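To start, the structure itself, in structure tokens.
For clarity, chains are labelled A, B, C and D in written order, and residue numbers in each chain start from 1.
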Amino acid sequence: MTIDLGRGLVLRNPVMTASGTFGYGEEYTDFVDLAQLGGIIVKGTTLNPRQGNPYPRMAETPSGMLNCVGLQNKGVPYFINTIYPRIKDFDTNVLLNLSGSTLEDYVRGAEMINTLDKIPAIELNVSCPNVKQGGMAFGVTCAGITQVVSEVRKVYHKHLMVKLSPNVTNIAEIALAAEAAGADSVSLINTLMGMAIDAERRQPKLSMVTGGLSGACVKPVALRMVWQVAKAVKIPVVGLGGISNATDAVEFMLAGASAIEIGTANFIDPAISAKVADGMRDYCERHGFQKVSELIGALEG
Amino acid sequence: MTIDLGRGLVLRNPVMTASGTFGYGEEYTDFVDLAQLGGIIVKGTTLNPRQGNPYPRMAETPSGMLNCVGLQNKGVPYFINTIYPRIKDFDTNVLLNLSGSTLEDYVRGAEMINTLDKIPAIELNVSCPNVKQGGMAFGVTCAGITQVVSEVRKVYHKHLMVKLSPNVTNIAEIALAAEAAGADSVSLINTLMGMAIDAERRQPKLSMVTGGLSGACVKPVALRMVWQVAKAVKIPVVGLGGISNATDAVEFMLAGASAIEIGTANFIDPAISAKVADGMRDYCERHGFQKVSELIGALEG
Amino acid sequence: MKQIADFTLVGKECYGTSVLLRLRDEQPLPEIVPGQFVQVRVDDSPSTYLRRPISIHDVDVANHEISLLVQMVGEGTRHLGAANVGDQLNLVLPLGNGYTLPTKGERVLLVGGGIGIAPLYYLAKTMALKGVKPTFLLGGKKAADLVRVDAYSSIGETLITTEDGSLGEKGMVTMHSVWQQRQFDKIYVCGPKRMMMAVADIARANNVWCEVSLEHMMACGLGACLCCVEDTVEGNLCVCKEGPVFNTRRLKW
Amino acid sequence: MKQIADFTLVGKECYGTSVLLRLRDEQPLPEIVPGQFVQVRVDDSPSTYLRRPISIHDVDVANHEISLLVQMVGEGTRHLGAANVGDQLNLVLPLGNGYTLPTKGERVLLVGGGIGIAPLYYLAKTMALKGVKPTFLLGGKKAADLVRVDAYSSIGETLITTEDGSLGEKGMVTMHSVWQQRQFDKIYVCGPKRMMMAVADIARANNVWCEVSLEHMMACGLGACLCCVEDTVEGNLCVCKEGPVFNTRRLKW
């Protein structure tokens, strides 16, 4: 079940958990043996602490949810001093999801993370739709992505995964820009920007009016984008968006993903990530695949 | 309940049916008295006949569906000669949804439709994701939309509604371009581009691999885009995307829509369009609105 | 005239993975011809968004009842199969064009494969009323796939094939000895596409009139969305509106 | 240790728009403290995607049973209320931090509004076992909103207010005469936010220790998503993990 994403990032199996949906892993150890996962991606972290947005931060939608958490986190130094020591010996890959509002923040943060032995990769979040300066500006233009990725690349010497925003006209173009700027892999999708209104009270349901849509409802869009990007780039693609079971995960692999992440589904079944890994193994056995990597891009027709 | 969208397009109430989901209205007369609707928008029509894409053309998704019908239609002349005489005396506004692959096709088509007394408006579809030359190329750039709208505007003298694609980075920018080029209103959203895979057979579920996502699942994205566009433009905005009941319709009005369209929900309840009109009336009574137009953009906070 | 109506489940019989649902409307039924279908709304099934097309298996005009024979293949049909007597099911009906009825004296064969036998029951009953005695040729993988054989036998001679030979002749319907022994004037078919194509080939080879009922995936069921097309000699036609029954002459197979 | 488990509905009592669900696990229950809650998966409800947080109303360790008192306010809770004895419900439990128990001899008041009375039952039972006799002050719009009053009365003195005066004193809980007449050492509150804030004001004015249980909308229930925050004096804290019970000193109200 091993997947090698390059530059030292080797996953025991293709299943990781998505940033912002799995805390620091600690919240789920009662439900999942982390050694059953290819990796976990911890909560989006910024150089400096952020309080995030006011409550209410989430709204349920048909087969999905909106959130506007807004990158609440205690900052990179706190992560390094307080959280890292607690989680660094997890028996799985621990990736840090790095967000920022300025180029300097990204670079400073990456530099500091680069010193952490047990963090084999950064997932660079250039696509958070929930904060004014959440990097989304970087993530929606080729120029923006080229700039942030190439600057971070200069200081970060391990695996650099770039997480793409789906809120763009041409995702393949953005992925190509990330690749050219030195990304080792791309992950997609982050949330689609959406909105919910309480008609009775005539008010937005979210404190920030808009938020990021995730969950099963976004799967068709995510799958399409993964397919488009996988055809365009040569670096590995990590697929996510609405994956709720092993069949969904297999679909992303067939569309061209080398690994997958599970987000919102963790809320519905806290044990889902391990179950998906098991289910993918079963699928491979049932269909006569020796290695899970044979699924990558194996869509017919 | 009257809504005046300008340049002669006055709706009895804000509820219309979306192109491609209501046939030519005839398919629904057993279920809905068309006089209960503000208007119906007939199937996407191109200058020349199109066979559309091969079967399978649809796949179910969480709270939604994908389609790749591909603008199957008999062309504008056939519409004028054969369909128009059958539907022109419907007691509601009959709008034609005009698609094209070339600028010339759009212009020729619009010119011919301009001669039809009982068609008060064209909904210009510059956003069909299901055909290579379905106008989506026009719909995703400001330059494209400016070109097609301004050319059509020259030959079409009634209400010109431009239907926008959601598959763009900045929908407000595109809407502003349509407005500047002479659109009388904009409608949004068309379908989000998506994909579905049959994991067991390792094949795409749609003959064209990708298709357009519609239904309840897209509502949060549609609502957000309507809100963004309504804040940006001065012309009326027609909102659609996942509207399944009167509450949904009210939400689009609160977000800034002057009227709404119902698409995929017609498949689940063929009588839904009339029910939504009734439900909006009830909402207005219950909340003390004299006129439904008071709902437009009435989001608080 | 088509209508949307809440029917009450008044009877239910289970046959392995299939279930017979007897549904009653308060109101008199609209006119229904054999081969037409309903679109059922599947409530309380989070993974079923659209209605499901199901053939009308039987009609009881006096009691305002129709029957559906449903095979549980996915979430939607499983939810229908889990309905309890007393539950309400919302139907849009009657949809599509039915089979062309034979005229008296014609020798007719009704070929059904798997759950495709469903619409043939009401078709046969209607023929029988017109004085045409149908012969059934029903096929399945194994004996358990063939449900309600007694009911079919009570209307007409019922020939059977199973792939494993557990009932009737061993093999596919197209391999049944009846094809060698008898001539038919009209053949009516419903079942998996591959089986219908094979029967259509036999019919064409023998120059026999043949109607098949297609089971394309549908969204609206009303001819409005153009999702359910079959590529025919007349171009793409909506199975829900121009079909589901087609004379094989109109098809490209 | 938290767990995910399928519970069987073994008992159900209906009280107007509320319902008491008695749920049994095959396995022994984990340790549960008063004020903790469960996240219930709502099956077969197309419009309910996420789990729903519900307080633990009662615990019966010997029989591996917990009870939930659910008010049907939307699709999710209506589906829970429609469950039948014998159905399975999937729960994640126990979640959050509970109330701080009083020490013997303390005079405690348990204030509940609407469905907010739910967690107070197990809290009071636990106190009673420790020899602390609680006084309840329960409020509702009308008499029908107050459910299981007998059960509460059997544990401690039960004072009541209704806004329409149909039961107990007329008015809000904060207007009850008990506030003038008696002193308490600890006040425990659960109910609508506005009511909890009003009680917190009284407590603060009298310098009385007060814990409230917040009912924020939740996604994960585990402290992972940061959706359910309350803006406290310590910054944004997750109600699901740092709460749902907070001493009012920690809150900004």
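FYI, a residue touches a chain if its C-beta (ideal position, glycine included) is under 8 Å from a C-beta of that chain, and two chains touch if they have at least 3 such contacts.
Worth saying up front: this structure is predicted, and the values here are computed from it rather than measured.
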Chain-contact steps, minimal, separating chain C from chain A:
2
Which chain pair shows the largest tally of C-beta contacts?
A-B
At the largest C-alpha centroid distance from chain C we find chain D
Whole-angstrom distance, CA centroid of chain B to CA centroid of chain C, is 36
Taking each chain's mean CA coordinate, chain B and chain D are separated, in whole Å, by 47
Between chain C and chain D, centroid-to-centroid distance (C-alpha), Å
54
Mind pulling the residue numbers of chain B that touch at least two other chains?
61-64, 215-216
Residues of chain D that touch two or more other chains sit at 46, 49
Topology of the chain contact graph, where touching chains are joined (line, ring, star, complete, other):
ring
According to the definition of touch, which chains form touching pairs?
A-B, A-D, B-C, C-D
In their complex, what parts of chain C are in touch with chain D?
44-46
If you look only at chain D, which of its residues touch chain A in the complex?
1-4, 41, 46-51, 92, 216-217, 219-231, 235-236, 241
Across the complex, what residues on chain B touch chain C?
20-23, 27-28, 30-31, 43, 51-52, 54-65, 67, 69, 72, 215-216, 264, 266-271
What part of chain A is in contact with chain B in the complex they form?
61-64, 66, 140-141, 167-169, 192-197, 199, 201-204, 209-210, 213, 215-221, 223-224, 227, 242, 247, 250-251, 254-255, 283, 298-301
